[in-house]
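Here it is: the structure, laid out below.
Here the chain labels run A, B and C in written order, and each chain numbers its own residues starting at 1.
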Amino acid sequence: MSQTDMIDALDPLDGPVTGLELEAERTAEALVFAAAEPVSESYLAERLPRGVDVARIMWRLVRLYAGRGVNLIRVEDRWAFRTAADLSFVIRRDDTEVRKLSRAALEVLAIIAYHQPVTRAEIEEIRGVQTSRGTLDVLMEAGWVRFRGRRRTPGRPVTLGTTPRFLDHFGLEEIRDLPGLEELKGAGLLSGRIPPDFRIPIPMSAEDLSEDEDPITQLDLEELGLLTPGGGEDE
Amino acid sequence: MSQTDMIDALDPLDGPVTGLELEAERTAEALVFAAAEPVSESYLAERLPRGVDVARIMWRLVRLYAGRGVNLIRVEDRWAFRTAADLSFVIRRDDTEVRKLSRAALEVLAIIAYHQPVTRAEIEEIRGVQTSRGTLDVLMEAGWVRFRGRRRTPGRPVTLGTTPRFLDHFGLEEIRDLPGLEELKGAGLLSGRIPPDFRIPIPMSAEDLSEDEDPITQLDLEELGLLTPGGGEDE
Amino acid sequence: MAGDTSQSATPMDRLWQDTDARGVSEAALVIDVGGFEGPLDLLLHLARTQKVDLARISVLALAEQYLQFVDSARRVRIELAADYLVMAAWLAYLKSKLLIPQQVRQDDGPTGEEMAATLAFRLKRLEAMREAATRLINRNRLGRDVFARGAPEHIPERNGQAFEANLYDLLNAYANLRQRQAVTQVTIERRKVWSLVEARELLTSMIGEIGDWTALQHYLLDYMSPTDRVTATASAFAASLELVREGRLEMRQDGAFQPLYMRRATGRPGGPVSE
């Protein structure tokens, strides 16, 4: 989306391209192509001929590669080449294992991503359950989550946030690109407090309501007997 | 040489390019890019749309990339992308290769961060092992650890602390941002099975000297200069 | 996201009539406590069986379902984790507040409506995060759908640093080291009784900050085995007094044998700050 916008916006910049710029393009291409990790713009700027507009160079390259099998993408202020997503099925190898996340870990990751900076207590409040040992560990080890700092409130709790690697892994240019972020914010679902217009109508009598309750059946009870108590542990 | 010949020789093949061929080009590009090693033509043939002439696709790609910062090259009978030879000076591996910090160094660094101002003897007491000469050197060299002052106790041992660069590297605003006991537990770094009297110090500001510390003087530094990097003497 | 459009405008009367129209013969609820991530998760599951937008759920019905579930579980002698029981106590309290017509508001405690709204909001927020997580994980992921250079030719230097280490490595090293040195073997005896303070802590992580007068104790005792009640009451009372002394809690009782209300202490200058 925003990449395409940017490409369109750059059209006026099409103008004459100098030999210096072509050389800068080749160099930038080579630098980014060679690396596996995204390369920062400052890293590129240091290595490109003086006086070229690095952003312009990069966006020209983005457009150049837009239709190809390998695309130039941006992760925050870093650049990387990545295979085109539509070719996934051809490139995918059987031996490529992406990290499998437990449901708990995935939920914690999403909460950290959407609510960052967020404290552990806030995560637990949202999930209503303690975060088990190891859940955050997995996310830290994957390099997706990091300690950001400490909240300037009593107790100075540590805040968590996501890393550039998280963005890279999930194909996000920046945090603002998280799916549905704006709607969630608009609905007040990313705040700790109930939005003022969030009201639940309250029934007048208890009788009307018993009808939409699902009674517990014998079947349920049998199932209960089979199952281990004291769950609620994640992982 | 022979590549150029081949490109010239292919010119007659320029003719009409089908959509299928363009797709094959994209796929080949992505496959070669993502592969860890040069890929064979048979590997490509298996994955490209049936009926395309793999050699023709590859030679068209060779020509496409010929003037770019990245070239498609043939190594024996396999294909690979390589940065253009004339740009190798930009790409060449940086002299200062990034090294991972050893576990010992990480431990010493962490102790210095949490327990500062701390003497070498105290570090050894906490770790339970002698700290090798090189370990502190590495941390000094990285610019993360510095001499803070001297403890006003017999022997006036030198105290160690962290530097602003340390904060910068680890993304901390101030030393007090280091997580405490609860946060370490919460992050799953400490297990629940710790003695009740287990404490983690709240790190002292890296800037101010503590009450029983004297500032390091020029004289001290000279003295230390003799002692630190070369001579294995400490305290 | 479900329902941010509908929640505000719908007249409340119609809402509650709606519930009658719904099929009552929902597939029987499958209760698998082990499969739930705590009481809030279970509540969310129950709410889904109501098949309505979370902004329109009947909190009362939900509470009723949950309490029924807990009762059944207890009847067949399944030992439920403490947090399930604390949630039950809270819901029982909520239920009583919702059912009893607005009393003369003798204090500033939250109304049943406010408490219900809080619960509904939390359920909705949790559901929203679940959906967000699903959308996130279904994106094109690096290493599965999208690939990086397979044969990188160099590693860009990072800020000219010769050594690489991140905060996580550092903390991990420190935590491991300290833990290694703390050789003392501690075995924590399993607690038979949890105090009201613990209950409050559990509840806080489930429901959020309980800022106002709450008479949880009264309901909580219902969910304890008779043998534990006396000791639970005693230890809860002692623990609460301790917290009052520390300025972290305020307590109130309207008369002898009346429920004991408590709330987080507010605005005590210079008092120790709880986490």
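Simple rule for what comes next: a contact is a pair of C-beta atoms (placed from the backbone, for glycine too) under 8 Å apart; a residue touches a chain by one contact, two chains touch by 3 or more.
Here the structure is a predicted model, which means the values were calculated and not measured.
K.L.:
Name, by label, each chain that touches both members of the pair subunit A and subunit B.
P.N.:
C
K.L.:
From the centre of subunit C, which chain's CA centre is farthest?
P.N.:
B
K.L.:
Measuring from the mean of all protein Cα atoms shown, which chain centre lies nearest?
P.N.:
Most central by this criterion: A.
K.L.:
Take the average of all CA coordinates in subunit A, do the same for subunit C, and state the distance between these two points in whole angstrom.
P.N.:
For subunit A versus subunit C, the centre distance works out to 26 Å.
K.L.:
Subunit B to subunit C: how many Å between their CA centres?
P.N.:
40
K.L.:
I need the residues of subunit A touching at least two other chains; which ones are they?
P.N.:
Only 31, 33-34, 81, 83-84, 91, 140, 146-147, 157 qualify.
K.L.:
Where in subunit C do residues touch two or more of the other chains?
P.N.:
Only 147-149, 153-157, 166-167, 171, 275 qualify.
K.L.:
Considering the complex alone, what residue numbers of subunit B touch subunit A?
P.N.:
Touching subunit A: residues 25-31, 33-34, 47, 67-70, 81, 83-84, 87, 90-91, 171-173, 176-177, 179, 183, 186-189, 191-192 of subunit B.
K.L.:
So in the complex, the part of subunit C that touches subunit A is made up of which residues?
P.N.:
Its residues touching subunit A are 1, 4, 7-8, 12, 15-16, 19-20, 22, 24, 26, 28-41, 49-50, 55-61, 64-65, 68-69, 72-73, 75-76, 78-81, 83-84, 98-99, 112-113, 116-118, 120-122, 124-126, 128-133, 135-137, 139-149, 152-157, 166-168, 171, 204-208, 273-275.
K.L.:
Going by the contact rule at the top, pick out the subunit B residues touching subunit C in the complex.
P.N.:
Residue positions touching the partner: 30, 33-37, 80, 82-83, 91-94, 96-101, 103, 105-107, 109-111, 113-114, 126-128, 138, 141-142, 169-172, 178-179, 182, 184, 187, 189-196, 198, 200.
K.L.:
Going by the contact rule at the top, pick out the subunit A residues touching subunit C in the complex.
P.N.:
Residues of subunit A touching subunit C: 31, 33-37, 39-40, 43, 80-85, 88, 91-92, 96, 98, 101, 103-104, 106-107, 109-111, 113-114, 121, 124-130, 140-141, 146-147, 154-155, 157, 168-172, 178-180, 183-184, 186-187, 189, 192, 194-195, 197-204, 206, 208-217, 219-221, 223-225, 227-232, 234.
K.L.:
Contact residues on subunit A for subunit B in the complex?
P.N.:
Listed in rising order, the residues of subunit A that touch subunit B are 25-31, 33-34, 47, 67-70, 81, 83-84, 87, 90-91, 120, 131-137, 140, 146-150, 156-158.
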